[in-house]
Amino acid sequence: MLQTQELQVNIGPQHPSTHGVFRMLVTVDGETVVDLKPVFGYLHRNHEQIAEANSYLQNMPYTDRLDYFNSMANNHAYAMAVERLAGIEVPERAEYIRVLMVELTRILNHASAVGFMINDMGAWQTPLAFGMREREKILDLFEMASGARLMCNYFRFGGVVRDLPPEFIPNLRELLRALPAYIDELERLLRDNEILLQRAIGIGILPPEVALSYGVSGPVLRGSGIPYDVRKAEPYSVYDRFDFDVPVGKVGDVYDRFLVRIEEMRQSKRIIEQVLEQLPDAKGGHINPKARQNVRPPVGDAYARIESPKGELGFYLVSDGSTRPYRYKVRAPSFINLTPLADMCRGYKVADIVVILGSIDIVMGEVDR
Amino acid sequence: MYDMLAALINGALGWGWPEWALNLLSYILIVTIVLVVAPLQMLFFTYYERRVIARMQDRVGPNRVGPEGIWQPIADGVKMFTKEDIVPQAADRIVHFLAPCVVVAPTVLMFAVVPWGPGMVPVDLPTGLLFFFAISSISAVGLMMAGWASNNKFSLLGAMRAVAQMVSYEIPAVLSLIAIVMIVGSLSINEIIAYQTGLIISNRDLPGIPDLGLGWFVFTPVGFVAFIAFFIAALAEGERTPFDIPEADSEIVAGYMTEYSGMKFGLFYLAQYVLNFLLCAITAIIFFGGWQGPGVGWLYAQGITPDNPNGNGLFNVLAGVLGVFYFLLKTYIFFFVMVWLRGAFPRLRIDQLMDFGWKFLIPLTLANLFSAALWVAFTRWGPAEGMLITVGWSPVLRWLAAFVVTLAINLGVYLWLTRVYAASQAERRRAELEELSAAA
Amino acid sequence: MTASPFEIEIPRGRVIEVQRDDTRVRRGGGLLRGMAVVWKHWKESFKLNRSYSQIHGTFTIEYPEERPRIPEAYRNMPILLYDDETGHELCTSCFQCERICPPQVIHMTQAKDPATGKPVPAVAEFIIEYDACMSCGFCAEVCPFDAIKMDHEFELSTDDHTQLTVHKEQLLRPISYYAKIAPTMWAEVRESALKKLQGNIRRRPDVIGLAPQLTEKIAARRAELAAQAAQAAAAAPVAPAAAPAPAEGRKLTPEEKAAKLAAIRAAKAAQAGESATPAEAAPATPSPTPAGEAAPPADKAAKLAAIRAANAAKKAAAGEAPATPPAAPDASAAETTPSAAPPSDKAARLAAIRAANAAKKAAAGEAPATPPATPAGGTAADAPADAPPAAPPSDKAARLAAIRAANAAKKQQSGDGS
Amino acid sequence: MEVVVQVVFGLIALFILVAAAMVVSVRNVIHSALWLIACFFGVGALYLLLQAEFLAVVQVLVYVGAVSVLILFAIMLTRQISGEGVRQLTSRWPVVLVVTVLLFATVMAPTLINQQWNVPPAPPLGTPEPIAGPAELGRGFVNEFLIQFQVVGVLLTVALIGAIVIAFEERARRRRVLTLAEELELKRLRERATQTETPEPVEAEPVARETRPASEG
Amino acid sequence: MLNAVPLPAVLTLAAALFCIGLFGALSRRNLIGVLMGVELMLNAVNINLVAFWRYFEPRYITGQTFAIFIIAVAAAEAAVGLAMVIAVYRHYVTVNADEVDQLRG
């Protein structure tokens, strides 16, 4: 007897808060979301097919463009995959530099992810501006080392393209001095903010069993209370040498994801400090001199995964013995974390959709590939 | 204005103009001033807001057009004017055209009762405060027209949100003002300002306090709670963060303004910023004494007033300048607070906003109303009104008693309400779930 | 929270649960704390912040006035290098960069010896499509001769898309330019690069492999070759040895003489200035060279520009800083004049180039910190692009040089003035 | 001065009547509501002309600010947005027209014929006239009309509650879209309930289907 | 005002407004339209009250008081009426009075 009126609303593809060209076909009943259908592919660039037509090295700059916030992490995963495929050794100093870069990436990603999420909640740019400011500083460091801010293209098979410039470490130490104050300030600005609490607590709950069944990873999974971190589960690179904690959430809502990100920034800072302590001083050890960049790996396949700031990022490569990958597949964390969006949004209000989407922290470059 | 013109034209110049001509002239002058001042305030506010919020975000803000970017709003205005005016195909053209006018007109009308300085009020209505809010509620109709005429889901949704918000927050706003009106005993804005003489304590409440123009209502518990409640409601009425839901760009694009472009869009902005100015001004007037401040009262007493027709006109001018200075200073400080809030907070969800308004703000203002009644009873009533406790108390004691009692009531209600409100938020979902599980 | 479905062994560190208390009654303290943070930022924002260890203060870099710090490793767009001393390009057209380029935007053709038709280790034409370049820097990495490097110039915006297909003339930069923007990176490869270059020069006949900008060097090289040829010839008629350019042994017109004179004066004036650093100012970025057909008026205008440039340079050297001379507008006016000069007017060009070099030196000596190239590029871009593109490259280069001279002088002036 | 007042009154009267006529004749319901607002404004202006300032302000506050917004809301909630082309009048409207015109005639006939209203003579122009203002009204409400005032207050409260009760959907009948967490919670609650009843745990039904209670007809 | 406009003019206006409202209330199919007609009628009554107050006893408040009571009643009526409209709409999916003809639903 009740004729509730369901209304279909398209949020996106051109919408201020869909983080790129992303469309959500939302069925609403009043303001309540009944169903949500994510529609993506607007940014599809045929990444995997292009990669199969390129040589192994040529793909390196293309991986920058996957998740353009964390090009260093993408480089790392891809380089690891090719190294496994071709059996290339990585010198120790290079490993430390890689970890350093990826952890810096994590800080910058989480800072801006928190900023973007709060922006979706309606804050007028301030948390985003604060996040972006720290990001800029880290990008300055990236520029010093790799020559570019976003599309770093810094990693090579067997190491990194060039050693850290002499001004890098002092500047990094300066930055590390500022980081705790910065994170504390961000937390003070937002953590107890009653409005944020109202918008975040109990919103977009992703129960752990559902999270596992969808295969989400990264802060979204840890926010749901599952202490899964590739750095701990399968320590790659030199991560087994560092002492750091894995923060997990209690409920699995937006607020937990926010807190987990804040805490992960602290842990990343800890890792960076340990890297600086342990960084081998071997001059010129930034790349394995025997490693050929124009690799021609033997026939076989390899999968390498890292804990990218967004989650578990994996590259699967099949070689047919030529200079080009026969098959190239990306396990993109943004894409897989996006799949439970419909379940996470159902039953909440329309205004919560953007917040939940912001808390997943997607980059359309990686979702659509 | 009329007095001044009469003194100038018929007195100083001796032209002997008829009364109606002077009347007409003074009205035209006032209207012109209001019509010029309103857009100027809007222009200044956009610039002010952008610079302040940029500073809060460690940026610089617009600083290229003119010295320190002061001409930026002019440039924006020129841009607005030169943009194409697009009317959607499916829109209701007439209503679409009328909506911005209906939104802007009341904001200009509201200037009619705003006093800028001593004796500088365009129209001193005996029901000035009520007029202010009656007129402000008209713009809700304009928003509705805009949302409906655009024939766009986002517009309609935005308009309905905006109107629901405005209508619901009008209640706490008016209720919190009624507390003040009860204390003053008048709806006239001039009367309310006149009440706030004194130093921290109004010398109407406690005679004998020296008049420094600082006996503002905000220093009393009743006034303070009313001020907080009113300012929150004003944020909602002016669609400011954290209540800027009608134009929440992350949810519904630009709300009711989605289908507007060019100068019509500019008119909505004009209306919004002028409304913000007026709300800040009313806050300053009701709770912070308006043009009251050290020196104004004394200066004005020396000038030509109805009580003192033989005063010196120079003092009128001095008092006016000082009064306008105080008034604008307070207004701009309140706008700074608005910008500050915008810089610091995310926005509430629409149902949370309604919850907050109806379940927190309105009970709080109702309790404050009760406090206001007690305040009046303690400070002014005697045995004739049935107030037998205070018989024989000195004024200081009465004032102290009023202060303590109202403070206790307001604080207690605040603490209790926050607890109840939080509990109700947490329990609702839980209760519904249990009901569902029982039903199964 | 249910127990986690699987256990993960964590050898070091531990799992920490985030701290949250949903049941706490909140009364607005968090809002006030947030406001306090924002207030602090507002209060502190009146001072500048350029430090990594500070979290308060205004961070904005007001761009055109204040330039961002560009680290040495910064890579924007690829450029080609040539040697200042010999004028030879470092590129040998080995096709490594063309092969590695991920978006395939590098195109080149190998130079051939006109006499034998055999390939020469030099490049005839080199094109990079800047609009599709992804700035990955692979070309610079793989180049075995260190001929291709990444530029620091980032103001490439233009309203003409076709200008972003960049040819060799616009890609070439002297080594000294690169050594200035990336001193340590150049120092690492300098030895081997120059050694390889010497080897390559030996295998390059005639003027192949010379940077086309350096027309004087080409001319000198041609003269040298001609002289060799003349000596080698058994028949030795009384050669008109006075003519320096044997290809077109014409007598100098009075105007050409005047131009030469101007050039000499310019050179002297520049030497008189305290041009301590030998580094040359950068040439313009691949700027649109509006090619008019050469004509006597243009020729004259070029000379005029050269003379003015010389004067300006002299003045600058003397330390005066008067108002900017009108050289730049004139130069661009010369550009706009549709004209046709015979390509043989070498003397005029020579004069222009000398003036240019002199002025540039003066500029570099006096204000080495000023980022070069921008004004030159800007002025050249002012010229309308509708001029017919038919002029030979050397002619273009001459005019470009004249403009650059004028601009360098102008910049010098403004640099002193500010 | 009198002429001015007459002209102003004429204009206001014309405005009110035209707006009212539009309210009942326009096809689009929204337009009709907007004309209603215009009509309310006209009446407010008439109050001002009759020197009932407080009443004029209240008219604007209540009618324009509240009632008309309520009407607009109701129209939009019932989604009769575009009334174009839909017949808006009942089939018996000519009869109604005749009836109302007759009513008007019967009311007006004595008024126009017999002008003996015993109106007290107006005081000469310019003399201040004691007119009851808001202060007197307020005093009246707490003295003379206290009972009525209380009754109106009760009426308003009752209306408020009544409106909510009428428009409120019962929670059980309202379709409730459950969130994922609530589904799981519900499942757990039901499991617990079944466990207490029967010793052996019963396999819970698939949650996603279960939690959207089918709306019954 | 008192000299310029005779009382019958105001009363005529009120009567006309009342009749227009009556026509709307009786002839509109749309329930909201009917409500709007009723509002017009209430306004007409108010005009009468205020006019009599002004012309007969401006120093007493009775007329204004009753006008205010009527405004309050009108507001209550509008609130309840519109709530009913919404309830009816939910029930019958129409707001046309002549289609709402079932006693049980």
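Order of writing sets the chain letters: A, B, C, D and E. Residues in each chain are counted from 1.
Convention: a contact is a pair of C-beta atoms (placed from the backbone, for glycine too) under 8 Å apart; a residue touches a chain by one contact, two chains touch by 3 or more.
Note that the structure is predicted; figures quoted are calculated from it, not measured.
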Checklist outcome for this item: Joint neighbours (chain B and chain C) are A
Item to check | Shortest path length from chain B to chain D (each step joins two touching chains) | outcome: 1
Checklist outcome for this item: Chains adjacent to chain A and to chain C under the stated definition are B
Next on the checklist: Applying the document's contact definition, name the chain pair with more C-beta pairs in contact, A-D or A-B.
Outcome noted: A-B
Next on the checklist: On a CA-centroid basis, which chain has its centre farthest from chain D's?
Outcome noted: C
Checklist entry - In terms of CA centroid distance, which chain is the most far removed from chain B? => result C
Next on the checklist: On a C-alpha centroid basis, what's the spacing between chain A and chain D, in Å?
Outcome noted: 54
Item to check | Cα-centroid distance, chain B relative to chain E, in whole angstrom | outcome: 32
Checklist outcome for this item: Distance between the CA centroids of chain A and chain B (whole Å) is 46
Item to check | Chain centre separation in whole Å, for chain E relative to chain D (CA means) | outcome: 10
Item to check | chain C residues counted as touching two or more neighbouring chains | outcome: 22, 26, 28, 31, 34, 37-38, 59
Item to check | Sites on chain A at which at least two other chains make contact | outcome: 1-2, 126, 133, 189, 193, 195-196, 202, 209
Checklist entry - Of all the residues in chain B, which ones touch at least 2 other chains? => result 56-59, 343-345, 429
Next on the checklist: Taking the touch rule as given, give the residues of chain C at its contact with chain A in the complex, in rising order.
Outcome noted: 1-2, 4-5, 8, 10-20, 22, 26, 28-31, 33-34, 36-38, 51-55, 59, 69, 71-75, 100, 102, 134-138, 141-142, 150
Next on the checklist: Please output the residues of chain D touching chain B within their complex, sorted ascending.
Outcome noted: 30-31, 34, 37, 53-54, 57-58, 60-61, 64-66, 68-69, 72-73, 76, 81, 133-135, 171-172, 176, 178, 182, 185-186, 189-190, 193, 210-211, 213
Item to check | Touching residues on chain E, where the partner in the complex is chain D | outcome: 1-13, 15-17, 19-24, 26-30, 32-33, 35-37, 39-40, 43, 46-47, 50-51, 53-56, 58-61, 64-65, 67-69, 71-80, 82-87, 89-90, 95, 97-98
Checklist entry - So in the complex, which bits of chain B are touching chain C? => result 52, 55-60, 63, 340-341, 343-345, 414-415, 418-419, 422, 426
Checklist entry - Where on chain C does chain B make contact in their complex? => result 22-23, 25-28, 31, 34-35, 37-39, 41-42, 45-46, 49, 56-60, 62
